[in-house]
Structures are given as C-alpha cells and as structure tokens.
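Below: a set of structures, written as structure tokens.
Shared between the two complexes below is chain A, which pairs with chain B and chain C, respectively.
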Partner chain A sequence: MVNWIFLIPIIVAVALLFLPRRWGTVAWFATFIAMFVSMVLAISVFFKFDPSVTGIQFEHKSIWVQALGINFHTGVDGINVGLLLMGAIVAFTASCLSWDIKTREKEFSILLLLMSGGILGAFASFDMFFFYFFHELALIPTFIMIGVWGQGENKNYATFQITIYLTIGALITLFGLILLYVKSNANTFDIVDLSNTLAKRQIESQGQSLIFPILMVGFGTLVSLFPFYSWAPPGYAAAPAPAAMMHAGVIKKFGLLGFLRICVPLLPQGAIEWSHILAVLCVGNMLYCGWVAMQQKNLNLLFGFSSVAHMGFAFLGIASLTVIGVTGAVVIMIAHGLLAALSFGLSGWYQKQTGTLEFDKMGGFLKRLPFMGTALLIAMFAGCGLPGFANFVGELLVFFGAWKDFSFYVVLGAWGALVIGAIYMLSAARKILHGELKPEFSRIRDAQTFWRKIPYSILIATLLFFGIFPVILTKRIEPSVKIILKAVEKPENQAQMKPLAPTKIKKTK
Partner chain B sequence: MDEQLQILPFIIVFLPAISAVFQTLFTLKEGGLSAGIAIGAVGISFLCSAVLAFIIYSGGIPDYNYSITWLTAGDLKLEIGYQMDKLTLLMLLVVTFVSGLIHIYSIGYMHNDAAEGRYFAGLNFFTTAMLGIVLSNNFVMLFIFWELVGLSSYLLIGHWFERPAAANAAKKAFITNRLGDFGFILGIILVWGFIGSVRFDEISAKISRNPEIFGVYGTVAGLLIFCGAVGKSAQFPLHVWLPDAMEGPTPVSALIHAATMVAAGVFMLCRVFFIFSAKAAVPQSLAMLAVSPLSVIAWIGAITALISALIAIQQNDIKRILAYSTLSQLGYMVMAVGLSGPSPAMFHLITHAFFKALLFLCAGSVIVALHHNQDIWTMGGLKSKMPITFITFLIALLTICGIPPFSGFYSKDSIIALAQHKSTALFVISIIVAFLTALYMSRLLVVVFFGKNRSHHSAASKESSYVMTVPLIILAIMSIISGFIGIDATLNSIFGVAVKDGEKLNLFYPFSHSPLAAWLGLGFSIFGIVIAFLLYSSKDKDPITERLGIIATAMKNRFYFDEIYDGIIELTHDALSKTSAFIDRWIVSGFVIKGIHGTVEICGRALRLVQTGNVQTYVFILTAGAAVLIYYLIRH
Partner chain C sequence: MNTGVLILEICAVLLGLIILILEVSAPSYLKGGLGIITLVGLALILLFSYTFTPGFIQFAFGGAYVMDGLALFSKKFFIATAILVVLLLIHTERQNGFIPGEYYALIVFALTGMMFAASANHLVMLFVSIELVTVSFYILTGFRKQNRESLEAAIKYLIFGAVSSAFLIFGIALVYGTSGTMAFNGIAKSLGGSTLHSAIFHTGLGMILVGLGFKIAMFPFQLWVPDVYQGAPSPTTAFLATGSKAAGFVLIIRLFLNTAEPAIALWREQLIVIAILTILYGNLCAIPQRNIKRLIGYSSIAHAGYLLMGIATIATDGIASILYYLVVYMLAVVAMFGVIAVLFKGEDYDIGKFSGLHQRSPFLAMIMTCALASLAGIPPLAGFFGKFLLIKSAALQVDLTSSYYYLVAIAIVGVAISIYYYFKIIKLIYWGEPTDQTKLSISYPLVVLLVLCMAGMLCYGIIPSELVDAAKLAAKSIAM
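Entry: the complex of A and B
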C-alpha cells in the first residue's frame, strides 16, 4: 500500500510521456487524479498506522542487488508516516495549482509527478541507496522547472545557484553515505540491517567523527543549514509556485529525514560530538536569517528567508538529541512542509493577480480579497508560531527538549520565533493587506470558485488539525524517536556541567 | 463527578469559539444574524457559569480538576484542562457578564459597520481566549490562550485596517505583547526544567515543600513569569501599546480594558502567586543579590500607576484619557500583587472590570452622539442632552475616584491599606495616584458634560438608543454594589488558604481597621475633584498647559516613550537586522557566491558541449531510469 503512494505518480509520469503534446489539459487532469489517489492512500496509511506497534509497518522488502546489499525496502514508522501524509497533501495541492501553468503543460505535469513520486519514495525508503536515488529523482525536476517555467529577472542565476548548491550538497551526502557503507563493514545499504549490525558493534569513534560532519554538511546544504542557505530564497523566488511548494515544503525535508534515519542512529558518537556545532549553526538560521528576513521587500524572498529560519528550529530539535526535541523536530518538518506550501502557493496567486510581489507596490488587499487575504494572514500567523497551528507545537517541543543542554540557544531561538518572526510577518501583513487599496488594484478579484479555494483550505485545515490535536502526531512519532535515540547515550559527566538540568534536582531531593 | 459537570466548563470556554468559527464560515455578510449568534453564545456561557457557580458556592460539590492529554513526548506531558474553583468561577462570571453586555452594546455601536459579522466573530473569539486563560490549570494551556488573546486583540484593534493608524496599532500591540511572551515562555520552560511539570497544583506543591527548588534561579523564574504580565497588562516599560490600541472600535477598548486582555496579566499573577514564594538559594556572601521578584513587581506597578496618571492629565482624546487611567489602575493591581496581596489585586480587578467597561461604553455613547469626534475640547454641555450617559458616567467617575459607598472605594482602599503596612514610599505614591486619578477623571467630566457646547455636533447631540443605554445602567448598578456584596470576603477566603503566612491575612482588614489609608485616600480624591472643578469649569482650553510649560509638553507627548523606544530599537535590533542583510547581500551572495559562479562558469562552458538544453531529452533520460527501476522491481 505504501509503495503505491509513490509509484502511482511515477507510473502516471511515464504514461504521460506517450501523450500528444496538445493534450495539456488531459495531462493536468491525470496529474490531479494521480496525486489525489496518492493523497487518499497516504491518509489511510496514516490513520491505519498503529502507534502501539514498534517497528516498521506496511513493510515491503525485496532484494535488488545482493552483492552490494541493496534492498528495495519500504514501509512506514512513526517518523515518515506523518511526512508521507504531508508530502502527499502538498503534492495534491501543488497539482491543483499547476492548473495555472499554461506553457508546456505536459512536460510540467510529468516533472511534477516525478518530483512528487520521487520524494515520497525517498520518505518511504529504508534503504540508503533508494533513499538517495529517489531524492535525486525529485531534485532534478526542480532545477528544470525553475529554469523553464521560472519567473523574475534573476531566474537564470537563481537556477544556476540552486543547481550547483544542491548538486554539491547531494554529492557530499553521497560521499558520506558511501564512506558509511564502507566503514560499517556490514555489506548492506539497508538501514534496518545496518542499524542492527551497528547496534552490536559501532563504527570506531574516529570514523564516526569523520562521517558525521560530512553528512551534516551534505544533508545540511539540502535543508539550507546556515551557512549553506543562500540558494534557497532566490531559488524559491524564481521557481513556479508548484515547484516552490514541493521543494520548500517536501523535498527539503529529505535532509532532515537523513539526519534522523542515518546520522543520529548510525553514528551516535559522532552525533553527540557534533551536536554542539549543529546547535551553534542553528542560531545562524534562527537569528541571522530572521534578521535578514526583516529587511526583505519582496514577499517571495521573505517567505524564502523565513523558511530558512524555520529550519533552524528543526535542527535545534535534532541537536538536542532528546525524545522531546527530536519529536518536536519531526512535528516541525510536517508543519513547515504544509506552511511552506501554503506560503508559496499564496505568493504564486498574488504574483499572478497583481503582477508584483514588491511590498512597496502592494497594499490594502484584505478589503478586496477576504478569502485570499485571510489565507495569507493565516500563513503569516502560522509562520510566527501562533498556537493553534502545528508549527507552534513543534517549536514548543523543541524549546522544551533543547532546554536541558542548550538553554542559551533556546533563549535565542525563542527570540527568533516569538519576536523576530512576529516583526517580519506582521510588517509584511501591514504592507500587503492593511492600509488603503491602491487605485490600480481596485478591480482585483478574490478567489471565487470552490476549486480555487480548495488547495489553500486543505493546507490550512491540516495545519489547524495538527495544531489543535497534536497528540495524533506525537503518539505516532514518539515511539520511533525513542528507537532512534536508543544508541545515543550522553556521557554522565555532562549533567554536572549544566546548572539548569532537571536531573540535578533529583540529586538534591 | 457527574459527566455533565466535567463537560460544562469546556462548553463555557469553547461555545463562543464555535460560534466565531460558524460566523466566519457562514454569516460573515449578515451582521444582524452574526450579532444574534454571538450574543447567544456568550449568554449561554454566562448561564452555564452561573449554574456552576451556584452549585459550587452552595457547597454542592468541592473544587475539581479535569484534564485531557494534549500531547506527550518523552517525560513532557501537556494537557488541556481546567481548575474549577472559586477564583475561576468568579472570573468566569465577571468575564462572561461584562463581555455579554459589551456584545449587546455593540449592536448599537456597530450597526452601520460594513464588517459587522467579522466584528462579532472577533468579539466571540476574544471571549473564548480570555475564558481559556481563566480556566487553565497549567502553564502551557495558559500560554496558548494567552497568545490567542494577543491574536484577538490584533484582529479587533485592526478592525478598521484600512486606516493606517489602526493597522499600525494592531501590529504594535501584538509585537509588544510578544516581547513580554518571550520572557514568559522562557519562565515556563525554566520552571518545568526544575519541577518537571507545568501543572499549577504540582508546581505549587513542590515549591511549598522546598522553596529553594529553583536554586539560584528563584528570582529569575518569578521575574520571567512576570514578563508575561508586563506585556499583557501593559506595565512599564511595555505599556506603550495600550494607548495606541484605542484605534479599535470603542466596545473593543471596553473589552480589552475591562474583562479581557489587560486583566489577564493580573489574573495570571494571582493564579500563579505560589511561584513568588520560591526563594533564591544564593550563598550568604551574596545575600544582597537575592531580591524578591515581588519587590520588583511592586515597584513596576507603582511606576506604571504614577507615570500614566501624570500623562493622563494632559491628554485631550476622551479614549486616551481612559486608556491611561486603565494603565494607572492596572499599576495599582500589580503593585498589590507585588505587596503580597493577590486578594486586593483581584478585588480591584473585578470592580475595575465593571466601572472601566462602564466608562468606555459611556465614552462610546458620547462618541456616537458626536459623530466619532473624540477631542474633549470640542464637547461640552452634554449633561442635559444625554442624561443617562451623564448619570452613569458620574457613577463610574465616583467609583474610580474612590468615593464611598461605590465599589472602587473599597477595592482601592484595600490596596492603599496594604501599601501603608508594607512600604511608606509605595503608600505615598498610591495616595498621589489617587489624587491624580480624581483630577484627570473630573477634568474629563467637567469638560465633556458641564459648561457650554463647544461645537455644533455637541449642540445637536442626543441620547443613544436603549440597546446602548441599558448595558450602561446595568454596569452602573454593578459598579455601585460590587464593593459590598462579599466579593472581597470570597477572595480573602480563596487566597487566605493559599497564603501561608498568618500575618498576611491580617492585612485584609475592612475599612475601619486602617483609618489612615482610608481617610488619606478619600481626602486626596475629594481634593482632586474640587481642584478639577475649580480649574476647568467653563474653560475653553486647558489652563494648566501654559502654567506647567515644558512639563506639560512632556506629559502631552507621553514622556516621549515611543520616540525613545524607536531610537533604541533603531540602534540595536534594527541595526543588527540591517547588518545581517548587508552581509547576506554583499558578502555571502555578492562575494562568495559570485566568486564560485565565475569559477564554475569556465567549467560550465567546457561542459556545455555535452548538454543539449532540450527538456524532452532530460525528461526522457529520467523516466527511462525510472522505467528500468520498475522493471527490476517487477522481476525480483
């Protein structure tokens, strides 16, 4: 069942190759149906998933290349079940919005399907080879989509930059993975087999402290970890809305999943050693990129920088190496995926309606656009961590989880989330939505039909659903996080150095 | 425990929210229907609260706690739950009662507004957010609704978002509150770090067992929690948002100032008063550093009360005068908390809820009559034109000035008496503030209602409709009687249990037991009223502006707080932001990326020979790869 979630888009993509070029609408419709089926499957997998059972469910395993130990191993555990749901929902909404693409519809549909199928396949994979392969399958269409259907003066430069950055990031990751494969000496790419082997006999600590930073840089670049983020804002600003939604929302989460699937459980000592560096880099995301976002004058660039800033919270959660913090990081991955898709979907609509995303040229839209204006306001409030949205839950968990070891970074992160986030989001809302409507926009029209509203409504509803009932997510995520962190045992002597550690209280009692 | 009684509090808090969602989705364009639904929802909440209050106060059932799991992760367990006790119930009644009256009044005030549906949905949501704070039995749920109060205030202050001033005020209110919340959330996490729980009852039990449980962080924990109240209750130095919030519709101001939002800060301090009984465990040699958070709180309150009373004397906008009077009264309440007196603080909070709602609704009535003119120097002589508004305003005035037997006298006196026993300096300040309060409020009364008409609008004004005057009359009755219907005794019994120290209980003597405070407070208030009548009777402009010179200018300009803050922010936070943007633009993407670009460009030219640049080719290669993969899958 899980396999069909990502195989349906890929199969439809292949089938569309044989479609005549003129039938663009048919291609769009096929994409829409494929994504819809995929989403329905993902929803049913999410709710059929049994949180009380540990380990992989809906598992499928077949041997592919025995000599290298490559298996086609898919399934869901607590971590990727939510990500698959998020990815499928975002893919469906992106397919709805790809209706607005009116040039080379067939090719766009094929690329969008490959992108969605690829990244959902990567999420579902429990084998390093397929994990990596499916991600590449999703990544390459991104470059083509920005290059061909992109917008703005800097389109070519942005395409170039994002391609170079992400290709290098992916290559470093590949290098790290191969190094891990060699050093583990287990002759398998299967993550489950690898972790079973490494649980008995770890890679020697020198190897761990070498591979971890390689993967940290590789995966980090793919997730726009400071200081490897500068591809993201211009890239998203140039991308067509469905591509930006898919990449910022879904594909980017691959790197974070890589941390959770590979870096932390397979390289526990490396993780402990490097978690402090990771925490320092997070501050670059949370504070520095937030400050940069405050100075942006274009809605897409603002969303781009805010998306980079939000990744800092997920990284802080991972760096904390606590059950609370990592659970929070997974919640952020899901919440941010939905939010990024909503943000870029909205900015795509505004771009099409108003012809500009510059704050100076916009203003007073809420009066004329009750639905789209409110949706934008909702996206902005979710972006500054308002309770009620899933983003708040994730950030809250990260702050609680990281408090023990990284209390100072939590202070900085809370400043980034509560204050900087509110400043840039509300300033943008003030400039775009509030104030007087400019005369040139007096004829602008709100989204009228049900079909125009549905993608935004789905994303907002999901954000609210998980924000109001987070236990539905956390009860699935938490058991799997505990398994991941089993290998990570922190040295005892650290507790004494931290004055704020709750463990110390137990001693005084 | 009956299941109905477990569900009832959830109905009370979420019914207005459900109504708000319903209105947003279905009746946004139908103002009248929205108003009906909104009033119905708050009305039912009020009735449910009344039923619950009757059951609990009559001793039918004891206090109870009920929680459902919100999320769990590791050893963190967060719940949505409530603490049903007499304090909760008292606040539930006050909030739903005052909020309900404001809803009804809004029918009259907003009936011509284009976005009436959105307005009533916002009012409902605001009520839910406040009720959630009142019911919370743990810090995280409190914080959630705390933020939602911030959101509702943003939506309602910015109701007329086309006006730049309103849009700016909404943004300023939200961001200033966020500054306070920044400290608040850190305080919550700090407390959790030491206690391992966010529930009030568990935290309270652990602190009473071991007051030094926070180690050296005892003071810090208390002050961080207080940060939340500084933002929400608009205490110095975060008081700047509240006067700007006057840009919202007047009933919203009444709601913010009386029953919700600003009351939330003081209520929270009283609810978690146990946190301030924790002591900082510092070595003997550094004992001087172990400042109690309470003394800081008391002084912040006193400073707020004094500064805003001074500013109020030189304001000319009827709503801004009332806004500064709210700040000043909140200062009293916070000072009372700081003097270890949650009971007087809550007492004043409740009486203030009635009389401040009344003052704002009277002001709204005047504003409607004068076609949305708010400058008091264009009013005058409204006494005979608007008799009901005048009489109810007079009652509210006597209440806020502290003239017996109006309720404000009792609640304010309990705070002044507390100050007298605790700190001479604060006692003097509270007497001065009482004098200033009487002065600026009487100034407002004299200029607006007495004398002659100063504009054709005031000459042509007439009394508002019943839907607006009936709430005024009800609130006036509550302002008169709420001082002697046993609210103080109830509060004393609630906090008497919570406060361990026997001596503190003795502070809550009735009027006759602290004659000095009572007579001084009353004397200075009457003195203030007399001075105001002497100064302002039949004047056409403010006589003291010229006499005080530069001081008056400073007061008029709110002591330049906004300008000073703008300057500080410009030099610090904005500067950091601009520096970051500069680095990002010119160093990271300018120098580094462009450098790489140049290098790669050369390689790129070489590689261009291999590239076809044809999308179809790329797509074909990709899909061919995928096809091969699927073929392999099927075969194995």
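Entry: the complex of A and C
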C-alpha cells in the first residue's frame, strides 16, 4: 500500500509521455487524479499506522541487486509516516496550483509527477541506495522546472546556482554513503540490516568522525544548512509556484530525514562528537538568515530566507540528540513542509495577480482580498511561531530538548524565532496587506471559486489540525525516535522522557 | 587445433572479406546495401556468441588464445558496439551520400582485432591484435581524403600510434628477456621467483603500460585524443572512443591485473596518481571547449581516468565495475554521436549548434540530454550506477592505503566539474534560441540506434542487476 503512494505518480508520469502534446488539460487532470489518489492512500496509511507497534509497518522488501546487497525495502515507521502524509498533501495542492501553468502543460505535469513520486519514494525507502536514488529522481525535475518555467531576470543564474549546489551536495552525500557502506563491512545497503549489524559492532570511532561530517555537509547542503544555503532564496524566488512548494516543502526534508535515518543511528559516536558544531551552524540559520530576511524587499525572497531560517530549528532539534528534541525536529519537518507550500503557493498567486512581489509596489490588499489576504496573514503568523499552528509545537519541543546541552543556543534561537521572525513577518504583512491600495490594483479580485480556495484551505486546515492535536503526531513519532536514539548513549534520554506525555504538551500551549 | 573456439573471429574475417569482394564485383544496386549486409552479418555473429557458455575456459594456438568469461563478455561488447557504429554509418550514408565498402570492411577488421585482443594470452597475440585495431583506425581516421582536418588527424594518429607501438615492442622485449617467455601463464609462473623484483621486468611492464596507455588515453599519453577525435569522421570517432579504448582496457586487465598481478600490486600508489591526473586533466580541459568533438575527446580522457580507478583497485570488484562502466559509457557516447550526425553536417562542430534543439526536435533533445546526464552520472541513468560501482570498488580498498581516499575524493570532484560542462550543453538545448530552423531529418537506422542506446541507458540504470551479474561473472573468470 505504501508503495502505491509513490508508484502511482511515477506510473502516471510514464503514461503521460505517450499523450499528444496538445492535450495539456488532460495531462493536468491526470496529474490531479494521481495526486489525489496518492494523498488518500497516504492519509489512510497515516491513520491505519499503529503507534503501539514498534518497527516498520506496511513493509515491503525484495532483492534488487543481490551482489551488492541492495534491496527494494519500503515501509513506514513513526518518522516517515507523517512526512509521507505531508508530502502527499503538498503534492496534491501543488498539482491543483499547476492549473495556472499554461505553457508546455504536458511536460510540466510529467515533471511534477516525477518529483512527487521520487521524493515520496525516498521518504518510504529503507535502503540507502533507493533513498538516494529516489531523491535524485525528484531533484532533477526541480532544475528543469526552474529553468524552463521560472520567472524573473535572475532566472538563469538562479537555476545554475541551485543545480550546481544541490548536485554537489548530493555527490558529497553519495560519497559519505559509500564510505559508510564500506566501513560498516556488512555488505548491505539496507538500513535495517545495517543498523542491526552496527548495533552489535560499531564502526571504529575514527571512521565515524570522518563519515559524519561528510554526510553533514552533504545533507546540510541539501537542506540549506548555514553556510551552504545561498542557493535557496534566489532559487525559490525564480521557481514556478508548484516547484517551489514541492522543493521548499517536501524535497528539502530529505536531508533532515537522512540525518535521522542514517547519520544519527548508524554513526552515534560521530553524532555526539559533531552535534556541537551542528548546533553552532544552526544558529547561523536561525539568526543570520532571519536577520537577512528582515532586509528583504521581495515577498518570495523573504519566504526563501525564512524557510532557511526555519531549518535551523530542525537542525537544533537533531543536534540535541534527545527524544524530545528530535521529536520536535520531525514535527517541524512536517509543519514547515505545509507552511512552505502555503507560503510559496500564496506568493505564486500574488505574483500572477499583481505582476510583482516587491513590497514597495504592493499595499492595502486586505480590503480587496478577504480570503487570500487572510490566508497570507495566517501563513505569516504560522511562520513566526504563533501557538495554534503545528510549527509552534515543533519549535517548543526543540527548545525543551536542546535546553540541557545548548541552553545558550536555545536562547538565541528563541530570539530568532520570536523576535526576528515576528519583525519580518509582521512588517511584510503591514506592507502588503495594509495601507493605501495602489490605484493600479483597484480592479484586483479575490480567489473566486471553491476550487481556487481548496489548496490553500487544505494546507491551513492541516497546519491547524496538527497545531491543535499535536499528540496525533508525537505519539507516532516518539517510539521511533527512541529507537534511533538508542545507540546514542546519553543517560538523560531516559530522564527526559516525561514531558512528552500528551497532557504536558497541552499544558504548555 | 581447436578451431571451434575461433569461430567468432573466423566469421568476422569472412564478413570483412565478403564485403571487400562485393565492393568490387557486386552489381551497383547491391553496393548501396553493403551497410545492411554488414549489419546482418554482425547481428548473426552476435547471436552466435551466445552459443558459448561464460564459465567454460578453452584455449587455442597452444595457449596463446584463451576463451574465458572475460573474453566472451568483451567480445559481445565489441560486436554490439560495431553494430551500433554500423547503424550510424548507414545513417551517414543516407544523409551525405555513398560510402565505399572499405569503410565497412575496415570497421569489421578493427572489430576482429578487438576480439582477438579480448582473448590475447600471449604477448605476441597482444601486439598483433592491437596493431590490427590500430592500423585499421589509421585508415578510418583519414577516410575523408578531401578533408584537411581528417588527414591531419590521421597523420597525428599515425605518429602517436607508431611511437606507442615502439614502446609496446620494447616493453615486450624487456619482459621476455627477464621472464624468458611471452606466454601470460609463463610470465605469471616466473613471478614466483626473482623476476618479481627485477627492475628490468618492471621497466618492461611500464613500457607496455605506456603503449596501451596511448590507446586508452591515459595521462600523460593523451595528447592525440582531442585532435584525432575532432578530425576523424564521426562514426570513426565513435568507434575509437568506445571500442579501441575498451580493447586497451581489456588487455590491461588481463596482462596487469591477472598475469602480472603480484608485480602490479607494488604499483598501487603510482596507478592511483595516474588515475587522479587523468581524471583532473580530462575534466579541467573540457571546461573551455566550444567544439563538441573536442569536448567529447577531453571528457573521454576523464572517463578513462574513472576506468583507471577500477584498474588502480587491483581487485575483482574493480574489474567488474570497469566492464559495467564500459558498456554504459559506450551507450552514451554512441547516442551522442548519433545526435551529432544529424545536427552537424560537415561544418564546424561548435556547441552553439545545440542551441534550441528542444524546439527543433524534442526527440533528439531528450536523447542528447539523457546521454549527457548518463555521462555525468545522474540517476536513474546507467552512468550513475557505473560511477557508483567504480567509486565503491575504490572505497573498498581504503584499508590498504589511504591514498584511495584522495582517489575517491578527486573522482567526486571530477564528477562535479563534468556536471558543469555537460549541463552547459543541456542548458543550450533547452534554453537557447535556435540559430537555424531547417528541418532535421532522422533516418530509420538512426532511430533504431538512438532508441537502442536510450533503452540501454534506462534499463541498465533502473534494473542493473543482470549486467552487474554478467560483469561479475566475467571478472571472476580470471583468477586473481
């Protein structure tokens, strides 16, 4: 069942190759249906997932290349079940918004399907090779989409930058994964088999402290870890809305999932050794990129920098190596995916309606746009961590988890989240939504039909749902996080378990 | 003597002779069909090669010729390459007019040389087979007699080829002088004694490596590559870049990694350095190229570097990776030359011509993009899996010497550089504006060629297990 979540988009993408080019609408409709089915499957997997059972559920395993120990091994555990849900929802909303693409619709649909199928496949994989393979499958369409359907004068430069950065990041990751494979001496790429082998006999500490930083830089580049983030804001600004939604929301989370699936459980000593460096770097994300976001004069660039800044919280959660912190990081991954998709979906709509995203040229839109204006406001509130949205839950859990080891960074992070985030988000809201309505926009119209409102409504509703009932997420995530942190022998992991109980979370709200 | 073993080579020689005879004696309506006759003949030989079982080792010529898994795998590879090249030739003939039958015959003779090289188990056999390949290529390179560049390329190739043959002969003499035999089995036996540390023996081996290094475009013997690739007719270049290179690698594998393995194991560090330099030289020089054939030339040097990485591992794993990589590299290069044959009609090979190809022919644009992406090593194309295997086989050896870390790191850097210059072309294809709007005509043989290459690149990328197993089996057949 899990396989169909990502196989349906890929199969439909291949089928669309044979469609005549002028049937663009048919291609769009096929994409829409495929994403819808995939989303329904992901939702049902999410709710059928039994949090009380440890280990992988809906498991599928078949041998692919015996000689190398590569298996096609998929399934869900607590960590990826929420990510799959988020990815499928974002993919569905992106397919709704791709209706606005009116040139070469067929090719766009194929690329969007490949992107969604690829990244959902990477989320579901429990084999390092397929994990990497599916991610690459999703990454290449991103470059093409930005290059062909992108916007702005900077388009070519941005495309080139994002291509080079992410390809090199992916290659470094590949290098690290191969080293890990070689050093583990287990002759398998299957993550489950690897962790079983390494649980008995770890890689010697020298190897761990070599491989971990390689993977940290590799995965870090893919997630825009400071200082490897400079591709992200211009890239998202140039990308067409569905591509930006998919990449910023979903594909970027691959790197974080790589930390949780591979780096931390398989290289525990390296993780302990390097977690301090990681914590320092994520302050760069939270404070520096937040500060840069304050200076932006363009809505897309603002969202781009803010999304880089948000990644800092997820990294801080992972660096804490505590159950609460890592659980928080997973919640942030899900919440930020929804939020980034909402933000870039909205900015795409504004771009189309007004022809500009410069703050100087916008203003007073709330009067004319009750629905879209409110949606933008909600996205901004969620972005500055307002309670009631899932982002707040994640950030709070991360701060709790990281307090013990990194209390100073937590203070900085809280400052970055609450003060800086509030400053840039609210000042942007003031410039765009309030003030005088410019005469050239006097004829601007709100989203008219139900269908136009659907994608935004779904994203907002999911954000609110998980913000109000975070326990639905945390009770699934927590048992799996405990398993991956088992190797990281920190005595306080046991002691810190308590605040995760559902009642406590509700109190903190 | 066991002639049954030689059946593939005998068939190939007969095919070449039949073409030559038809060329002079056949009625004129048959002459236009020589390409098809060659194609059918080669396809039959390829089918015939499946009657051999890879596990079974046979000898001929008193042990000078061996038919084992490695030889069989390589022969199938060479025949398949020749078939694709002949398809390309037929297209060129339909597009640019009549091609004399000698061209087809020479391709078949070069193929025969490669097939003998795959089975060479004796230094004389090695020399004769590699000369048969090279001499055929002297003529193939200079085939456009009216074209100054083609002649220039032929002269350059002749001079460099002659020098490399001299090295080869000198090396063979030294090895013979120290080990007392030219048979590979005898050399292997003599390495048990004092020959292993004899300086003259190592000099001889080094000279043979230089001689073969010319063929595979190993640094620092790669100087001829860009000029010859640029001047030679496209089908020749395609065959030179794939078949001739592969023949060199198969010989290196058999002589160095099998026969003289104990001696070569002392050269680990040197081989790593050579591989590193070859990767860097090829990739760095490819960056500023504007001529597509020169660019392919430099990138083929870089690919020789990746393949040398497999040699430098001195392990069965490395050999299997080399064999896999040769196949996927061949598919991508031949596909690229297929596109080039349509797009460039004898004028300068400036990459500006790719500009806006997507608008002129989405099919060619897709093939070219896939071929470039496969060479750059991007999944799900086969090139990715090939690089993956090579890097993995080198990484497996890190316990022996830490130099392998540098080798793997440089290989990754090389891949990153290559992405830059390959994507430059992809960018032109999709985002450039077309410079001319003339219709591109693609003949049926070329469609078959491109679809075959494309299918190969995709299938071996997504379901690599079959080819990996075949390569492993071939690598296992030579005992290390």
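FYI, the second predicted complex is superposed on the first by the 489 of 509 C-alpha atoms of A that agree within 3 Å, B and C clash if a C-alpha of one lies under 4 Å from a C-alpha of the other, contacts with A are read in each partner's own complex, and residues count from 1 in each chain.
What we mean here is this: a residue touches a chain if its C-beta (ideal position, glycine included) is under 8 Å from a C-beta of that chain, and two chains touch if they have at least 3 such contacts.
From a predicted model like this one, the values you see are computed outputs, not experimental measurements.
Asker: Is A:Glu436 in contact with chain B, with chain C, with both, or with neither (first, second, both, neither)?
Answerer: first
Asker: Is A:Leu68 in contact with chain B, with chain C, with both, or with neither (first, second, both, neither)?
Answerer: Only chain C is touched by A:Leu68; chain B is not.
Asker: With both complexes overlaid on chain A, does A:Leu137 touch chain B (first), chain C (second), both or neither?
Answerer: In the superposed model, A:Leu137 contacts both chain B and chain C.
Asker: Considering only touches as defined above, state whether A:Thr167 meets chain B (first), chain C (second), both or neither.
Answerer: The answer is second: A:Thr167 touches chain C but not chain B.
Asker: Once the two complexes are aligned on chain A, which partner has more residues of chain A within touching range, chain B or chain C?
Answerer: Residues of chain A touched, chain B against chain C: more for B.
Asker: After lining up the shared chain so the two structures overlap, which partner does A:Val280 touch, if you call chain B first and chain C second: first, second, both or neither?
Answerer: Neither partner.
Asker: On the A-aligned overlay, A:Ala199 touches which partner chain: chain B = first, chain C = second, or both, or neither?
Answerer: In the superposed model, A:Ala199 contacts neither chain B nor chain C.
Asker: Looking at the overlay, what does A:Phe175 touch: chain B (first), chain C (second), both, or neither?
Answerer: second
Asker: Thinking of the overlay built on chain A, is A:Asn156 touched by chain B (first), by chain C (second), by both, or by neither?
Answerer: After superposition on chain A, A:Asn156 lies in contact with chain C alone.
Asker: Kindly classify A:Gln295 by the partners it touches after superposition: chain B alone (first), chain C alone (second), both, or neither?
Answerer: first
Asker: Overlap the chain B and chain C contact sets on chain A and report the shared residues.
Answerer: 64, 133, 137, 140, 144, 148, 160, 164
Asker: What residues on chain A touch chain B, complex-wise?
Answerer: By the definition above, chain A touches chain B via 7, 10-11, 13-14, 17, 62-64, 72, 104, 107, 110-111, 114, 133, 137, 140-141, 144, 148, 157, 160-161, 164, 227, 230, 234, 288-289, 291-292, 294-296, 322-324, 327-328, 364, 366-367, 370, 381, 384, 386-388, 392-393, 396-397, 399-401, 403-404, 407, 410-411, 414-415, 418-419, 422-423, 426-427, 429-430, 433-437, 470-471, 473-475, 477-478, 481, 499-502, 505, 509.
Asker: Could you pull out which chain C residues touch chain A in their complex?
Answerer: 373, 378-380, 384, 388, 391-392, 395-396, 398, 408-409, 412, 415-416, 419-420, 423, 427, 430-431, 464-465, 468-469, 472
Asker: Can you name the residues of chain A that touch chain C in the complex?
Answerer: That would be residues 64-68, 132-133, 136-137, 140, 144, 147-148, 156, 160, 163-164, 167-168, 171-172, 174-175, 178-179, 181-182 of chain A.
Asker: Could you please specify the touching residues of chain B with respect to chain A in the complex?
Answerer: Touching chain A: residues 28, 69-76, 140, 143-145, 147-148, 151, 154, 158, 161-162, 164, 167-168, 170-171, 174-175, 178-179, 181-182, 185-186, 189-190, 192-196, 210, 213, 215-217, 574, 576-581, 584, 588-589, 592-593, 596-597, 600, 615-616, 618-620, 622-623, 625-627, 629-630, 632-633, 636 of chain B.
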